[in-house]
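You will see two complexes here that share subunit A, one where it goes with subunit B and one where it goes with subunit C.
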Partner chain A sequence: MLNMEAPRPTEGFFARELGALLAPDRIRVGAAAARAYECDAYTVDRAEPWAIALPESTEEVAVLVRWCVRHGVPFTPRGAGTGLSGGAMAARGGIIVSTKRMTQILEVDLPNRRILAQAGIANKRLSDAVAAAGLHFAPDPSSQTVSTLGGNIAENSGGPHTLKYGVTAQHILGLTLVDPTGEVVHLGGDATGGPGLDFVGLVVGAEGTLGIVTEAWVKLTPLPEAVHTLLASFAEIDQATASVAEIVGSGILPAALEMMDEGIMRAVSQAFRLSYPEGARALLLIECDGAPEASAKEAAEAERICRAHRALAVEIAEDEAARQRLWIARKKGIGAMGRLAPSIVTHDGVIPRSKLPEMLRFVYEVAEQHRLLVANIFHAGDGNLHPCFGFDDRDPEQIRQVVEAGEKILRKCVELGGSLSGEHGVGVEKSELMSLMFSPDDLCLQADAKRIFNEGDLCNPCKVFPSQKGCIEHRARWRGVAW
Partner chain B sequence: MNAELSELASHCIRCGFCLESCPTFLVTGEETESPRGRIYLARGSLEGRLDWRQAAPHLDACLGCRGCETACPSGVQYGQIVELAREEIAARRAAPGLRLLLGMLTRPGVLRRLGALGRRLPGARMPRILGLLFSNEPPVAGLPVAQWSGMLPPLDETLLMPITGQAFILDGCAMGSLFPRVQEASARLLRRVGLAPKRLASGCCGALHAHSGYVAQGAAMARRVLARLPENDVLVATAAGCGSWLKEQAHGKRRVLDLSELLHENGLGEALKKAPGYWAVATYHDACHLAHAQGIRSQPRELITAIPGLTLLPMPESDLCCGSGGISNLTHPSQAVALQTRKLENAQATGASLLIQGNPGCHLWLAPAAKARGLTVLHTAEALEAAFIGLEWFCDGAKQTAEAERT
Partner chain C sequence: MVAFRPGSVGELCEALTEPGACWIEGSGSSASFRVGSTAGARTVRLDGLSEIVDLDPANQVAVVQAGASLQKLQTALETVGHCLPYDPYLGAGTVGGALSMNLPHGLEAKHGSWRDWVLGLTVARPDGKLARCGSRVVKNVAGYDVAKMFVGARGWLGVVAEVILRTFPRPHPPAACLEQGAPLSAGPLWIQRTLPQDAIAAREAAGDRLCLFDPGTFTLVAALPCDESLPRFDGDWVLRRGCGNQNAVVEEAMQRRLMLRAKAIFDPDGKLNPGEWGEL
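Presenting the complex of A and B:
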């Protein structure tokens, strides 16, 4: 049995052993593969895996995990690798278990509005498969065209429509999990909220530390009959936040309520040649849906509120093409930052809505201190802020600046009575900052809970909880790669 | 260090939004076979963290379809990245096989002879040695089969609109020699919108060379072709790959258009409404170098939809590469077959019997396998001209066989 301190086994060993266990084409080793899998969309920390496995079924995943446990080799699940907190990084080396060859829809059950799929399927493909029946899978992270069902479950992802439809957790009926010992367990069933301990709820949001999800039954939601979308621009951020407060206070439940700042407008107008009113410093995207009259009425009320708060302009989508155009700033804003800077890091914190103007001022100050390009997207409905920094990751000094700036931002979120993570997870990015939010006792309790299910910490090690044995030394190594 | 490549590659923010648009990622599920992975490997090699030779197989497997560019929110110019990366690789490795193949496939004369041979030997495969040069797999691509080149019925000039201008049709390497019927149909369509069709017998435009890493050579070939085009005249491409490459190389100094663009612009849609048309259920495959490289999606669809009697059904993943990808079906056979199957399954699922597309690479690669599934592959030009003279001139019908036997 290999232990953590044992020398890393050779590539040949993995290729031979695992190739024989599954099939040779399921295993990849070598310098190119290791490099390609060294990080996800969070590029500040990187660690190369020893081998990559691409199993095709629950059974193959189980065989693989049992082998890892027997040999003391760490393993890390990975979907599309769009995670923003380093969750899919092989923190202690070992094996990356990719779900990208598990992409099948296994059963479509329209009468009961549910669908069974393998974990590696891209979120959007679930909705595409049932669009003709007027249904969809409601969680809509901006990454939904590529991020996987398994990744969404692990991060409990949300999206602009979370405000009304809820996060991923509310849409998972049951799942098949290969637990950290390699056992296959079926959790939940065909309906949410059965009696007993909510194991499904425990696994959703566990960032892949409680096992590898291989299949899930997900709930399908009817597509809204009507959708009304408007985009308001404001000269002051405070006017936009005041509008948000009044909209929410008035009892309207918009399907989406999203704010973008100047930085986003700048990136988007350069990338897509869109123009926004002169002097605009905040954009507010509001979408109402539901029965046609009700949704139209809500939209009209939202418009009135924005105008009352001196909106510079309120644009209303007349058709689907116009709606898509209004959504561009929200959907492509972060990506468009990539045109202005070689690399970006997107942060994810939660603050009380009323503190947004203060928080944004702080973000701008920090960006200036560290000489970083910055843009902000804010899920105004639930107070989730995404400051996004642009920098050049070929320059070690700039990476250092970005890391420092990020920590300041997150500390400030907690200081303002908010939280470290809205929807991108803790991963390796923020594991050390958990102590800002939880007392040592709380942390120990949570870590204990994890340990009960994940003995030996082989399953996605060093994630979420700080200072697990050995992780501190490893941390120096990941950062070292980037610096 | 290659500063241009470093700069281009640095714009990838690793968001992964391109993954589901990448055919090679879809069939393998592997990060190394994805746009993001390839850019990362190129960057790693450039920065000395990896050996170019280790990155090479992954860059080689790229189809050059540029589906990733369409999907990328960050505006990464992947096409240029892969060309530059392949140049770095080509400078470090002798690839006599690839050069030989390129030389063969881009000479009209050689192609014509191969094409004639292909017609005579049913089920003929590309010479085995070609396949073995690149992969350890036996070749799966058929020898190119040249189209029957008999005459279409004469055009009645009196019924046509007066001539108001002219346009040059690019014969290039493949179109002129393997697809005479497409070229003929294109010429007739130009005439139908009042443009006198001219032919530019130019030889190969170098697109395949450039996409394989011989950028300088490809550019020189493109310059030769463009130099033959009289100034102020329009060059019309019937091959998507050539059109996109020549557009890039013309740097705005010469006007290069895809056939569907020019016809759309000049009102073929109106003319089609008065054509007899034909009954057919069709679907449309977006050639990568039309949809991703040139952004041409709506023009061919609108023209095809204007054909009286024809129903055009949308196809899932219509802009996913069919696997032909330049010469990828020779260099990476099993990947190519997986994508070919995926494409044809998508086409079949629509219920269509015609699969219309605008590129010779896709045409050659899809047609034989499509036939086995009861699907007929047509070039957009053929489908459109058929609206005026009848579909039977373009399908493997009695008319052709009779004509062919007569000649």
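Presenting the complex of A and C:
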């Protein structure tokens, strides 16, 4: 058993030991590798792992975990590293177990509308594999071309289409998990809703702290027969939010209902040479899908509502190419902000939808107080907001401003009856804020659920719960300066 | 033994601080599906906790005490133009009871079920403490999704006291499309859900004993004597009623092990609904 207080074993030790378990070419050690894996897309907190392992199968993951348990070494699963709350950060060092080499589709079961795939497969590849059969994997986070099935499961990922199609939890039928002792556990997989407790439902969204998911049966959803996409622009954000309220209140369930503010509009018009009507300060992207007649009717009604709220213009996609163009502001909006600032942090909170206008005003106030560039993207239909702050992460003071601004926003979300996270998870980013939302007895209930699978402190430590053993002293070490 | 009917959540918690087993029920409408025995346990009926705490149609949320009847909830939602898209062909009762039993229903294929609608819960734990999980918003990933553990748990891990539900604007079409056969009262019910590819074969095997078939969720309900079975298929699950400990059979060894582990953590004294999952 390694003594965590003693000097860390050498790179050679890990290369040798782990290389003997898998193969030498599947272990990464050394400063450069550690640097590459020191954080995910939440770059504010960083911690270098001691080694990175690249298993190719469930059995190899189990062997690795058992080694870690024998030697008392922490381990952290990692998919594509696109997470936005530090979930894949090696908080107390140890081994990163990367699923980069576990990208296979194991079984395509079209009659039963499901696919069995390894956890390292990119989300989009699942849909691509069955598109010809008129099916897809519905959860579509913005990162879907790279984010992995395992990562989507860990965070219970959403995306623009969750309003109608549900989050990842609605689409996982079963999974294989290597639990924190190294045992392989199969959950679900068969006809949905089987007797017993819903352990699959607990593991989805557990942020990789109940073990390492290696494979999953995912549900396939028919592609809609018809899709109608509109982009409405407004002079005032309040007109856009009022349109959202009326659309949802009318009984229409759009497939997507996304709002972008002028910060996003400015970024994408520069980056992609898009133009919007003079004076436009908010965009509403609406997508209605389903049976041709019904979805056309919904889209027409949505258009009518936008115009009734004084939309400056409503663009309607004539074909798939036009549809992709209307989606650019939404899909590439955050990336386009990279032109405006060296670093971006995309915050994530949820409020009851009716509080959107109040919350937006608050976000702008906070940005001004902390002198930060801000742009807002909202999953307006479900009240999930993503304020994006631009800053320079070479300046510790600006890091501090961004973190404080984020905290103020989350406090407001909880105050308004919402949640600390709609999609990105708690990770390390929000673990100390959990007490805003949950009392000690509430956290005890969650801790009991965690104990069903994980009683120790080696599996992805320091995530989700505040003040975990051995994490407080590490917290100061994570916050740092990038280059 | 006369059932204890708490009139408030506080009274429920106080009752739980007393030692000894508790048989928890809503209105008792799912009695024929229950496995455990009331012998030696105090019966606690929750249909006195029946308040509609809050309706918030603008945000698609309703908060209701677990003992409120489904009828009461639907009627209240109707007044604000909302509904829960639920069509209980196997009997309705209280909100807490329905989500705890999580039986199949007629609108499941299109509109999901309790697992999809429960946004949060207030749970009274076996020691009488209250704990909340989830939130009041339709999208939330903060912390562990413990609410999922209570859906379908048959009251085994904790007593659901209050429920936060996602609601849906009418006109969410409330029309179920179920194939009907023999009446549900024809005998003890065999309920089987298969993978899609086996649904037709399973339905045909039921023959004239078939009561209902849901082509959306591949669920069949048949009236069968307890000593008879219908053919099984790979990946199916079976829940049957009126047949004592043959209800809620959990066949998978790993599932049984994890359930026992969950029980040891959540209810170490085995107070709640003893025997409800049979011999695990």
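Here is the rule we go by: the second predicted complex is superposed on the first by the 473 of 483 C-alpha atoms of A that agree within 3 Å, B and C clash if a C-alpha of one lies under 4 Å from a C-alpha of the other, contacts with A are read in each partner's own complex, and residues count from 1 in each chain.
We adopt the following convention: a contact is a pair of C-beta atoms (placed from the backbone, for glycine too) under 8 Å apart; a residue touches a chain by one contact, two chains touch by 3 or more.
What you see is a predicted model, and the numbers here were worked out from it, not measured in a lab.
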| item | value |
| --- | --- |
| Contacts of A:P342 with subunit B and subunit C, given as first, second, both or neither | first |
| Which superposed partner A:G406 touches (first subunit B, second subunit C, both, neither) | neither |
| Touching partner for A:S421 - first (subunit B), second (subunit C), both, neither | second |
| Partner chain in contact with A:G182 - subunit B first, subunit C second, else both or neither | neither |
| Partner chain in contact with A:P55 - subunit B first, subunit C second, else both or neither | neither |
| Subunit C versus subunit B, contacts on subunit A by residue | C |
| Partner chain(s) touched by A:Q446 [first = subunit B, second = subunit C, both, neither] | second |
| First (subunit B), second (subunit C), both or neither touched by A:M437 | second |
| Common interface residues of subunit A - those touching subunit B in one complex and subunit C in the other | none |
| Residues of subunit A that touch subunit B when the two form their complex | 28, 30-33, 35-37, 39-41, 43, 52, 54, 80-82, 98, 100-101, 103, 120, 122, 124-125, 128, 143, 145-147, 271, 332, 334-339, 342-344, 392-394 |
| Residues of subunit C defined as touching subunit A within the complex | 56-61, 102, 104, 112-113, 115-116, 123, 125, 129-133, 135-146, 148-149, 151-153, 157, 169-172, 193-197, 217-218, 234-237, 239, 248-250, 252, 254-256, 258-259, 261-262, 265-266, 277 |
| Partner subunit C, residues of subunit A touching it in the complex | 111-113, 155-156, 158, 162, 166-167, 169-170, 185-187, 189-199, 201-202, 204-206, 245, 248-251, 350-354, 379, 382-384, 417-426, 430, 434, 437-439, 441-446, 448-452, 464 |
| Parts of subunit B lying in touch with subunit A, wherever the complex brings them together | 6, 10-20, 25, 29-32, 36-37, 40-41, 44, 47, 49-51, 54-55, 57-58, 71-76, 316 |
